[in-house]
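Scrolling down, you'll hit the structures one after another.
The same subunit A turns up in both complexes below, where it pairs with subunit B and then with subunit C.
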Partner chain A sequence: KSISGVSSGCQQGGCLTCSDYNGCLSCKPRFFMHLKRIGMKQIGVCMTSCPPGFYGTRSPERNTCTKCRSECDSCFDKNFCTRCRAGFYLHLGKCQESCPDSMVHNDTQRECVLS
Partner chain B sequence: EHPLLRALIKVTLLKHEATGKPIVVEGLFVGGSAGKAEGRLMQYHPLSLCNTSEDERQDGDFITIVKLEHRVPRCLPLLDKARMALDKGAQAVIFDVSDDANAAAELREANSFSRPVVLVEAQGAEDLMGLVNKNEEANVVIEIKVEPKWLHYDV
Partner chain C sequence: KIQDGEGPEAPSCPFHCHCEEDGIFLTVDCSEIGLSSVPSNLSPFTTYLDLSMNNISEIQPRAFHHLHLLSELRISGNQLRYISGQALQGLHNLRVLMLQNNQLERLPDDAPWDLPNLLSLRLDANLLSDVPSEAFEGVRSLRHLWLDDNSLTEIPVMALDSLPSLQAMTLALNQITHIPDYAFANLSALVVLHLHNNHIQSMGSRCFEGLQSLETLDLNYNDLQEFPVAVRTLSKLQELGFHNNNIKAIPERAFVGNPQLQTIHFYENPIQFVGKSAFQFLPKLHTLSLNGATQIQEFPDLKGTTSLEILTLTRAGLSALPLDLCEQLPRLRVLELSHNQIEDLPSFYHCSALQEIGLQHNKIRRIESSTFQQLTSLKALDLSWNVLESIHPDAFVSLHSLIKLDLSENRLSSVPVAGLGGLTHLKLRGNTFLYEAFGPDHFPHMRVIEMPYAYQCCVYASCDSYKPAGSWDTEQSNAHEDLQKRTVAVYQIHADAQYDPYLEDFQLEIEESKLQSSVQCTPTPGPFRPCDSLLG
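The block that comes next holds the complex of A and B.
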């Protein structure tokens, strides 16, 4: 099953160097290295953008996908969540188990909203 | 200097657990870490042991296997990578050093790992990684290889 923007296996478009056991070892410029867990295996995958639940970080050595915080389903970066996990509510980019006094939680959006 | 103790790595595919004969591979304990360990085999990409971000946490006992590659730039010294793998909860760490000539020398310098760290290479490593590539759940038992006593007598 391939994720949009990448095909699995060693011949991926974004791969610069690759190995049979580890998948991608390095990516072409602008691609993100995502370490994808498939059962007991973990392979490197080069992606144009990181999958849900991860955010992209660029650096001179390597662009990588990093997991959002555990209470966050999708995020902009480590400190700014855009959608919380069930049971948590988004307020000012953070996921909280309860909302501030003047607000109530919206279960569908998983957000704190003005009451 | 103490000779490094050898390890016996016994791997059984979970689906063959009742009847299957384990694959037995030899390795080398480093960092004074010789001892017994058991857990599910889990492969980690060499780049996964670079930072302590809140990445995946495994349930239950597991044993980490990492195939090191000289083409992957070192984000951390190998000793730190081994400690990070143990800190992530691994019962033991197996490093396949077949494709990274300096790794074995670097890891032999280690002196204090809290749990077993084992080097494998050549055919043994090939067998192990071949099994990983099948991506079938496997249980691993690591033990100290006991050398036969008669080896030490002059005959």
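The block that comes next holds the complex of A and C.
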């Protein structure tokens, strides 16, 4: 159990159907289905929020986790980052290697801040 | 250093939780351990606390009052119905609060949450039917707000007024039916707004006033009856989606206020009419697809939309294409115009980046030498289901990259092969006046070829295997003979030997594999489709 809001195998709270080998096959309503890779295997995991590096999209049929852009550690959707990877700085949802004029980068938060 | 809330030496790690020390700070994971209340012995040095997926139905007042250093609090996946202002007192440095997947029915209005540094608030997948005006007065620094998958029937306009720093918000999967004017007037920093999967039927023409930073607007899966003209004020808009609505027309100059648009998704709308100037002056638009807009009689004027790479305009009423089409669209890569009434083609000479052209199901009569001249990147050309009678001998000479050509179902009596040496797929089926047999030497890379007649496939396989011995020539084959008898007739060499059906199947497979390994030519010659042309 290393990702928040989830437990592995068939005892997960969010699982609707599952198998011991593949983990969750389907989730209860309002849970996100994520395929967690463990070595060569993929385990179905049902979560209340997608793991770091993924964002969740809710829809009437299912709730899915999708990978953020490569320069984002976490994101709101495919166009909007909420935290950047090391070496990038966040400004209005974009992760850039440098900040706009009149702004400097804050290395702890990895953000552009007013100078 | 890792602790588990078991031993005496870990007073600051609550029972059954999993704690990790990072210097003096502590991350505490108490997720999914069956808790019914917030642990009481939490260390004041806790910076991350995960209480998700438990059975907590209530947060006692001052449960977190001493956690001044807490940065992230996760209480998702519990049974919380209400969280008072006092419950979250003391969380001065909280940046992330996750409350999704609970049963929250209302937010505090009298004493709102006081979280001055909160950046991300997740309230999605709850039971909120409205948001009190004062609900967000204590979270003014908020940047990311999730309110999707609730029961909201209106945009919480007053509550949103308290969030001048908001940059990303989703109100998707609610029951909102209307967006009033000035609904987001104070959200000048908002970059992303998701409103998909609501029941939005109407919008004030000034409903998006104030959203001068908005780049992404998602109105998909609603009940919009008319084109959302309110988008006109969104000068920074880059991505707009309103697919799966009920919009019948796109007006003239529809996107005149959105010069930054790169992507517009509006499929699955009963669009019948598109203003000729609707898609003008969109220099960053790279894809435009329109299907089934039957009232479009004229090709849209795409002046100033110079970056278009993919243009799909199918099942409309186009009868002609502008002569300067390629001057307007020099970067076009894919042109899909099937199912129209097009008769004549301009020269695509200036569309040098074209890789795919789909013109099937039109009324094209002939191809000139200049039509596809200099399209050196063209890979696939579909001209099937037209009324082609002639193709200029030099029509294909410069198509060095062409690998797929579909000319089926036309009226051709000849096909120029100059320039077609690179083809791997050629379809000529349905050209009933085309008798010529094109030999493999024309198409050294051919893999799949469809011809009007079976005998035209014999050049791709040794016809002897289908040439029966004497008995075949004399005997008039009867379409109703059983398989056993016909097989013997075809393979005369087995006639006198002990007939073994399994050996037969094995041999048939060998014959077929000999054909498949080289070129798959159809219709395949066979007993009823002999190699000699019956027509002499």
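By definition in this document, the second predicted complex is superposed on the first by the 111 of 115 C-alpha atoms of A that agree within 3 Å, B and C clash if a C-alpha of one lies under 4 Å from a C-alpha of the other, contacts with A are read in each partner's own complex, and residues count from 1 in each chain.
The criterion applied here is as follows: a contact is a pair of C-beta atoms (placed from the backbone, for glycine too) under 8 Å apart; a residue touches a chain by one contact, two chains touch by 3 or more.
No experiment lies behind these values; they were computed from the predicted model shown.
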{"item": "Clash-or-fit label for the pair subunit B, subunit C on subunit A", "value": "fit"}
{"item": "Subunit B versus subunit C as contact partner of A:D77, first or second or both or neither", "value": "second"}
{"item": "Which superposed partner A:F31 touches (first subunit B, second subunit C, both, neither)", "value": "second"}
{"item": "First (subunit B), second (subunit C), both or neither touched by A:D107", "value": "neither"}
{"item": "Contacts of A:R58 with subunit B and subunit C, given as first, second, both or neither", "value": "second"}
{"item": "Subunit A as apex of subunit B and subunit C, Cα-centre angle in degrees (nearest 10)", "value": "60"}
{"item": "Touched partner set for A:G23, first subunit B, second subunit C, both or neither", "value": "first"}
{"item": "Partner chain in contact with A:Q42 - subunit B first, subunit C second, else both or neither", "value": "first"}
{"item": "Superposition-derived minimum Cα distance between subunit C and subunit B (Å)", "value": "5"}
{"item": "Parts of subunit A lying in touch with subunit C, wherever the complex brings them together", "value": "1, 4-7, 13-14, 30-31, 48-49, 58-60, 76-77, 79-80, 82, 92-93"}
{"item": "Subunit B contact footprint on subunit A (complex, rising order)", "value": "17, 19-23, 25-26, 33, 35, 37-44, 61-62, 64, 66-67, 69-70, 78"}
{"item": "Footprint of subunit A on subunit B - complex, ascending", "value": "40-48, 53-56, 67, 69, 71-73, 75, 96, 99, 129, 132-133, 135-138"}
{"item": "Residue numbers on subunit C that touch subunit A, as the complex places them", "value": "18, 29, 31-32, 50, 52-53, 74, 76-77, 98, 100-101, 119-120, 122, 124-125, 143-144, 148-149, 167-168, 170, 172-173, 189, 191-192, 194, 196-197, 213, 215-216, 238-239"}
